[in-house]
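Letters A, B, C and D mark the chains in the order given here, with residues in each chain numbered from 1 onward.
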């Protein structure tokens, strides 16, 4: 019998990038200078440039943040991808349940994950569950996934097309994708899919997509530190 | 115990529309005439106009097909919505498993649905299954869905948040959404999600999304008959 | 000799629309209710609904504002259209200087238009000019446009292609277009192209595009009064 | 008096890029393989991979061509940028006539440029002009541009705001911009803005934007040779 695997985390890798603070600068300066300064474009962004990036962020001049690109490889459950792909300013290629047999890897919440929601629609807060609740969720999810995957396997073995057999698989099964975004689209994504102190317009993301968003943000902060810093300094409002 | 419902069809309703063949004409004619002719815009498209629409379609002048709008209400399984929402030139609002308890309505393929795929990746053909295969799929899907929904219910009853409990639900559960598109986006959607004789660039959609696409096309043909006719006459290539 | 015409205003007409406050409501309610309520969708938005629209606007749930459509016919100088078409969430069809001989209609600022800018880049303020400055601008613009149009005519008469001859025409020549947008895209446009008291993120649009934006806003306010009111009540931040 | 400069060419430079044939491959293979193969992603695309790229292009699987990015710096006349910016799947930052005094550099067609159009709307052909026609165009364009620029200067010297004074400038004045696109958007651009033998859907671009497109294509061919080759082999239809 197939070994079913359970995970409680997500995978995010940075596969390709062309993204630097200096990309913002050359794009912004063309409006006032016209002539390209490749020399300037190649240089590191310096202290003097921080003010310009901050001005663009604060006054919501968004287009200079678009001349860059980051490609991430993500493994996360399908219910995360469902939310992710509502973001239309990005490029996606995902593993296909029509073209391949899906692997038996499923997400199960662990005790780091708050289980109980309080408050009203759109402003839910989440608090930890009791030990019994954690046990219940763990047992139910594991049992459900194992049953569903066995059913999937029985249909495949009987010659049923993959695209039909997979309909029984739960939304907690892992999928994988490549997603490409620029920094402006990423800031919009982060503003809606993370929840942080100091955020001007608060959002209430599901924790699992926030786990993906946090890992993406870490990579981005390394690539474009000044841009990331001014994003935070301006209430995490996407320009 | 909750009554679980099974369906083998999809629902598509036209909720709002502002879409007429004459919308294509006024948009196209502004390039050569400049002045607006509201009189012309109000008039029905006539025989003389068919040639213009055909020329636009054939030579891929796409923008005149964008000045219109159709809003559909769709009920279909989640695996269909997953494919649908890859189309970024549309607006979506969908039922949320975070904000409400999902109803126990599931899709199960019936004997109209071919179950067996032959051929190679990207060019699969589908043929009917044997009576035993249909029985197996029916039994497996029903059993899986019932088990998963019971598990979902047990978690909800134990006070687990809806967004956590729903992870066990299979992708064949129905969801509902409003989707708004213009005719150009719709033609692109149809060219990729239907399979018809006379199509210039063949596609190989999953049958269930094709069922949605066919119903959308029917509404569109009534609203914009000349546009639909020239789309077909030009190999169903989106302009 | 061709009569050259000068104007100091812009034309905006609403040509088509399918846009009501109730469109926002049905789209928002599908997330919590799932089932479509056509009855509800047809009804007028009432007092009880204002709170929901305000909540969506304030918490930046943007997608429910997309299921509607407005088509405007606009006549304005080319330098306005240059700025307008940077907005990518809209559909455009414009009069073509390749396909037709452009009419000799030009924009000249009148004394309602502030002529002198003070302050620094990105935060310019504009103040009226002196009588001599208004006279100068009037004289220079009229003379320049007449000269350019005569040059255009001489080239056309000599058999030069329209697309070549038109290169001498100034950016103040009028063009005309159809533009189609939904309310979410329109709010983004208004937030960037108008300047009003009570705006959360101030913008500094060129006056001539603001004249177009103001006329568009008037039409929209009539179509979707509650949406427009909550947009203003929430600092004119596009959701 | 300011020296006015005339040019008959356009400038295109590749400023940034993250674009390789292998980017197409990893994106395409995730649908059938799921697991990321960074090793594979880093490797050069080989002969075996050509077939996959060709299949994607031919069957119009467009999304794998989106996980890459190219930033170009372009100098061209405003009438070219007007056409360029109708392409919405790209990012733009352009020199601003509001923020800076525009330089007196203008485009004038030289004898490489066909001056006379024959045929009917949408299918014009262009043939060379007579020596007299070339002389006329050269004289008219130079005279018009010089007059307009002098008028612009007189207004600036009288303290008129740049955004007002610039309205007299002709659409043949050069501007500069950064534009960022992925290969899929670029192929769409090329299919509409170049005219070549073997093109499946012919287009009739204005020569000056084609000059820009040709230079962009040269850079792209070097970055993604297999993709460019299969684009040509499949009738230059954007996938």
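Please note the rule applied: a contact is a pair of C-beta atoms (placed from the backbone, for glycine too) under 8 Å apart; a residue touches a chain by one contact, two chains touch by 3 or more.
Predicted, not measured: the structure shown is a model, and the values here were computed from it.
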Handout entry: Mutual neighbours - chains that touch chain B and chain D alike
Key = A, C
Practice task
Taking all residue numbers used at the chain A/chain B interface, answer same if over half belong to both copies and different if under half do.
Solution key: same
Practice task
Would you kindly tell me how far, in whole Å, the mean C-alpha position of chain D lies from that of chain A?
Solution key: 33
Exercise for the section: Could you tell me the distance, in whole angstrom, between the mean C-alpha positions of chain C and chain D? Expected result: 26
Exercise for the section: Would you give the residues of chain A that are in contact with at least 2 other chains, written as numbers and ranges? Expected result: 32, 63, 86, 92, 99, 121-122
Practice task
Within their complex, state which residues of chain D touch chain C.
Solution key: 77-79, 81-82, 85-86, 88, 92, 97-99, 107, 109, 113-117, 121-122, 124, 126, 129, 132-133, 136-137, 140-141, 143-145, 147-148, 151, 154-155, 158-172, 206
Handout entry: Footprint of chain A on chain C - complex, ascending
Key = 32, 55, 59-61, 63, 86, 121-122, 192, 201-202
Problem - Complex contacts: residues of chain D adjacent to chain A - result: 13, 15-18, 23, 26-28, 30-36, 38, 41, 63-64, 66-69, 71, 73, 91-96, 99-100, 102-103, 175-178, 180, 182
